[in-house]
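Listed after this line are the structures, all set down as structure tokens.
There are two complexes below, and they share chain A, which is joined by chain B in the first and by chain C in the second.
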Partner chain A sequence: MTSDAATTVMQPSGRAWLRSIGEALLPLGVALAIAALILLVSGFDPIEVYRLLLVESFGDARRIGATLAASTPLILTGLATAIAFRAGVFNVGVEGSLYVGGMAAAYVGFAATGLLGFLMVPAALLAAVIVGALWMWLPGVLRARLDVDEVVTTLMLNFIAISLTSYLVNGPLLAPGSANSATPMIADAARLSPIMPPSTLNTGFLIAVALLVLYAFWSSRSALGFESRLTGLSPRFAIASGIDVRKVIVGMMLLSGAVGGIAGGIHVLGNIHRFVAGFSPGYGFTGIAVALLGRNSAVGMLLAAILFGALTTSGATIQLFSDVPIEIVNILQGMVMIFAVARFGLLVGKGRP
Partner chain B sequence: MSTHTLETPAPATASAPIRLAARGITRRFGAVVANNAIDLSVRRGTVHAIVGGNGAGKSTLMKIFQGLDRPDEGTLLLDGKPVVLAGPADAFSRGIGMVHQEFMLVPGLTLLENLILAKEPAAILGRIDRKAALEAARRLEKEAGVSLDWDMLVDDAPVHVRQIVEILRLLYRGADVLILDEPTAVLAPAQIRDLIALIHKLKGEGRTILFISHKLDEVMQVADDITVLRAGRVVGSMPVSQTDKGRLAEMMIGEVLTHPTARPAAAGAPVLQIFGLAARDSRGIERIKGVDLTVRAGEIVAIAGVAGNGQDELAAAVAGLVAPAGGRIVLCGKDVTQLPIQERRALGLSYLSADRANEGLCPAAAIADNALAGHHRRPAFCRSGLLKAGAIKAHVTSLLDRYSVMRGSPADPVSSLSGGNQQRVAIARELDAEPKVLIACQPTRGVDIRGIAFIHQCLLDYRERGGAVLLITEELDEIIALADRILGLYGGRITGEIERGTAHLENIGRMMLGEALA
Partner chain C sequence: MIDDIVHAGFVMTTPVLLAALGGLINRTAGIVNIGLDAMMLVGALLGLMVSSATGYWALALLAAGMGGAIVGLLMSLVVTRLEANEIVVGLGLNVAVAGLVRFFLKSTYGAAGTLSLPGVVMLPRLDIPGIADIPVIGAILSGHDLLTWAAWLMVPVTAWFLARTRFGLRMRAAGAAPQATRALGLDPLFLRDISTIYAGFMSGLAGAYLSIGVVGIFNEGITAGRGFIALAAFYFGRNRPGLTALGALIFGFFDAFQIRLQGRGVPAELVQTLPYVMVIVILTMVAIVLRRARARGGA
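Moving on, here comes the complex of A and B:
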């Protein structure tokens, strides 16, 4: 598991920064190189394909808007994952928090119509936070008290969350007269405002970036951030230093779930405006790659989320303008994910001191 | 070679061929030159000791000999031929094997399984030929003059048995050059004698042994040749007959040390009281059985015992790492038996762990973080849950300066420091907040002479200021140098008490072996 050993209460040296940036960029470079080989073998010009990908994701304001919109849920799921990772908890259940959080936000959005308009969004997001956090309470307590492997519990909870929400939208919460597995549309007042029409980019992106900034500050400047980092690096040391490791682990799981819930809430309030069964194409899992590629750092995760967002938006349109199949883009995305986990730093140099 | 005694190793013939040599080996880590133009010649069939303080470059050189690291400059010669080692496996195939300070046996496997690991005798269908394995084990046993229960799990084997298995493993895989890194650090005095006997036996069979240590007594007993390293350079290389302890110490340190000064104690009120304490280890076996003891302000009380007699459990129970199975612990008049570790710390308890790499420090975290941990919630460093960066930076810098921690940036990981400097960070953190009582476990383990003197002075100064120390150590010299009272611990019980002044190696040794004092 990666840990952000580079962060400390003291500022690391400039060289350490350069090194960590290099380590973060290397996986991307290797992934691009291998994907280029695959493209070559399949008879495409890799330079041309990459140029097209770049244009389709960042070519003009509309495309940039689409890319940022696609990266919004990934910023949040990456952040949720990183919060748990840095405390040494391998939470792979952000997808589940995303589902239950999205459902909670949608419910408030269409049911709580008695609320004043400007309260709708905060109330819906609050519901998403509470439900998302509670979703992670059980695996957190099981890990902290009984040492039950969180990978197993959180992974299983994903399936429960997906099935549970699917049941709800097919039964009690199904929109009247609808044949789709979806809730009614949320009230207009509960929708996040677009900030770059005609793209779907909305204020949810700003919330996500604000949370990243808060996270950067929290992780390096707060006592809890310090404690959770030490817990992640060496639980035994943390215990001996008088840190209540169980409390830290449960707390970080709740926080991770809360941010996962917000991810779902923002996706519902900003993009689809109701809850639809199976509404996530694996945002929670891509979030794991975002956290790993971004090495749990705020800037790193922002860039990683934008990268994956760009691959998503350009992948969708590249088929329209070339005969490159979407699978090639998926392969590229998969490559980046695989190499995000590799620690190339270990290969550089002749070994470690 | 015929017979030889422990005290006087048989002088190896000066004309013995050079088995292993280094020529101008230089290895840099950033700005630090860990090895600086090292020249070394190790004669076949001799014990060659490499001595030097922490950070002298011993470990780096040994890693290079083992193929774990490569020099930036210089050459390795095996039997006079230059070689480039690709890795430990390559080193093994050329006859070089190493026993690391931290043993590398696989838990959950038996001693026999560990012995044959990576070179298992195979029967039909790739099954392990147990009979052949056991035969090989018995042969090695005879060769080494030991006798082991090969079906014992590694987890159940005492430390010295694990070490013998590590050594036999090298023999099993055909090594004739054995590198032993601080092999006596974990052993009791009697076990050290056995180990030295084993080393002499192996030498008698024509093997070459590189013995890394900073304990000069042992080095004088075991070595034929000695090479002294200091700050990455060779400061001297000579046959053992041409030197003595004093000269070696001088070469290692480069300057004359002031010995720690112990002033007469003026013990005050009881600070730590333990009544009928019982504690179990992680497997539920009772290791501490009804221990009573008191430590007063301004007093150092030492626990003398052979490893495995309950010291670890005693320390863990007092520190609050494990719940005691019975009895009471009273800190400054307050019963803390049921309190969690953080509340004990708040009451003035400090704990210097014997396990520096896993518990005393967090190797991957920054030096600054290690120096701060545990104090980070103090009002001086933290307000409303937010850390005060400026105050912390000033505090950490002053702390590291006061404890003379040789370092690069405080943001570097603590693992970038030498062992002695790491321990200074741990001591600085534990003593800095002026605790009421310090549980000091193996405070100088793996620390060089200069570091030991410094740490001893820290403990004595702390006592002078009215601090209470419960000292748990396997170093008898340390106990004699520091303790006001010495309690013997054997089989989980206190076997006796000796006041400072009447303590000497002999009566402490008797307590450690469970003999009641007359």
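Moving on, here comes the complex of A and C:
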């Protein structure tokens, strides 16, 4: 089940490019249509709502900045998901890596005050990478050595990560004198610098895009990129070609966890400047939608992340200007996710293949 | 004290058990249902609304079950007819339904996350005279509602259904050997749809149990991830009804403990992780045992 699922969302080869754009836009269209129906039934004008969403997310420089800032964690969680998908590993545990990675970065950010200022950000991100990667080690090894279903183990690890970090911020790492579940604020030197004030856009976005570019080169030019793709497409062929499939699977899980950890680290260092219990509104899960909609390609995932980022920021502001509940955004996100994996061709085709 | 915990343990087991028995059938027929939590949420909301509107708990249960079943059918159609990956659809369903429920609460009731309605009729509790006063046994057997009894009755019924009935065997065939099922003139996709509808129905009941059996109001976080605990339960039980019920019972007791531990210096968050840790441990142990058996057979 799992390797099938991942290989069906593999990156298309050059010629199928145009078709894949259509395939990516169709789920979006269906989701928009269903959400429009829901809006109509609830007495809102869907066209007006969608126009507002568009204006609020791309209307001017400040809004574009906010949209890109909101897309930053999604680029990274999408990338983390795609790295595992390529190798045929259905990792739904990026959310967990994001939590533990964010916690690790926050800890370094407020505790390692003895460090030289310019070392703070790299040290905090390194902590996020290590902890995020280690979080995926167990499901990776279990899948590679014992064939334990990684969907279940990574899903379970999400809940464990959320509860564990929530325990840490309510107990040992609770900010002194603070009643809410949060760590102390990180040092100023550990914060990522804003690049488009007054918006919240910061250097985290640049890091995310840089990783995306690295991924594009890595996946098409490097030996490991090729081996991981082969492992995802056909594990048996990969074994026959002399690839150590187990090693590739564990390696890709570690890499996926590392990127998930960075996602959490950047969110902490760039946006909220401390760790707060339940600090992710499901970035890891939206990342799955990003990877699916972007068909694992760097450009596709960037566009998909910006789309979901736009929905997040504009959803928050349209609630202020109209009485449309912000949840229309969640409905859209969920629907896009559902239909991103649907094969609509089967509806017009002649029954099942 | 012990009686309280035992009673609370059984109360917390019921919703997990109901959803797990549904998910078990679903998985047997070939679909891993990660959307159980969404179906539970719909059931919880509909149960409260119908109970308040009509004053009949039976109608409320019916509405909750049907609501869950409809969500199940929609999910199933996307999975079986559009060949969408069930894990992604399940995850997306959780996001979409949670959004839809909050959207509905805001646009219809102007409520932010919590809904309290007048005239809600709760599920009646059955106190068994004589037994109610016996320590522990009274806490186990007495003071529960019909849904709890129904859930436990469904454990042997599910086992019998899968092992002995024609329809149950067909469900198993649809999951284990869809091609062979088709060769016999049966439609495995149709069987899978039925199994998802059933899982939705059971999860809807589980949701209604929470809203009109336990708390009496609706909250967007009312399921507290119990749909995923149910998933953990049938993975723990490896699709066997008896073992799945045992898993649900263990998780129910964890839940009851964790509620008691709150405010006593024991970190409830750590107790909350136990069901999930257990599933990973069990899956690992099962895999090791299988591997040893295979190695011995191969040598």
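Here is the rule we go by: the second predicted complex is superposed on the first by the 328 of 353 C-alpha atoms of A that agree within 3 Å, B and C clash if a C-alpha of one lies under 4 Å from a C-alpha of the other, contacts with A are read in each partner's own complex, and residues count from 1 in each chain.
Convention: contacts are C-beta pairs under 8 Å (C-beta built on N, C-alpha and C of every residue); 3 or more make two chains touch, one makes a residue touch a chain.
This is a predicted model, so every value here is computed, not measured.
**Student:** One more residue to check, A:230. First (chain B), second (chain C), both or neither?
**Tutor:** In the superposition, A:230 contacts chain B only.
**Student:** Between chain B and chain C, pick out the one touching the greater number of residues of chain A.
**Tutor:** C
**Student:** Applying the document's definition of touch, where does A:239 land relative to chain B and chain C: first, second, both, or neither?
**Tutor:** The first partner, chain B, only.
**Student:** In the superposed arrangement, which partner chain does A:317 touch: chain B (first), chain C (second), both, or neither?
**Tutor:** A:317 sits against neither chain B nor chain C.
**Student:** Thinking of the overlay built on chain A, is A:221 touched by chain B (first), by chain C (second), by both, or by neither?
**Tutor:** It touches chain B, and chain C stays clear.
**Student:** By the touch definition above, which chain A residues appear in both interfaces, chain B in one complex and chain C in the other?
**Tutor:** Common to the two interfaces on chain A: residues 5, 8.
**Student:** For the complex, give me every residue of chain A touching chain B.
**Tutor:** Checking each residue of chain A against chain B gives 3, 5, 8-13, 16, 221-224, 226-227, 229-230, 233-234, 236-244, 350-351, 353.
**Student:** Enumerate the contact residues on chain C facing chain A in the complex.
**Tutor:** 32, 34, 78, 81-85, 87-89, 91-100, 102-104, 106-108, 225, 228, 231-232, 235, 267, 269-270, 272-273, 276-277, 279-280, 283-284, 287-288, 291
**Student:** If you look only at chain A, which of its residues touch chain C in the complex?
**Tutor:** 1, 5, 8, 38, 42-43, 90, 92, 138, 142, 146-149, 151-153, 155-157, 159-160, 163-164, 166-167, 170-171, 282, 285-286, 288-289, 292, 325, 327-331, 333-344, 346-347
**Student:** Could you list, by residue number, the parts of chain B that touch chain A in their complex?
**Tutor:** 29-30, 32, 34, 63, 68-70, 319, 321, 340-342, 345-346, 351, 353, 355, 358-366, 368-369, 372-374, 376-377, 382, 385-387, 389, 392-393, 396, 409-411, 413, 416
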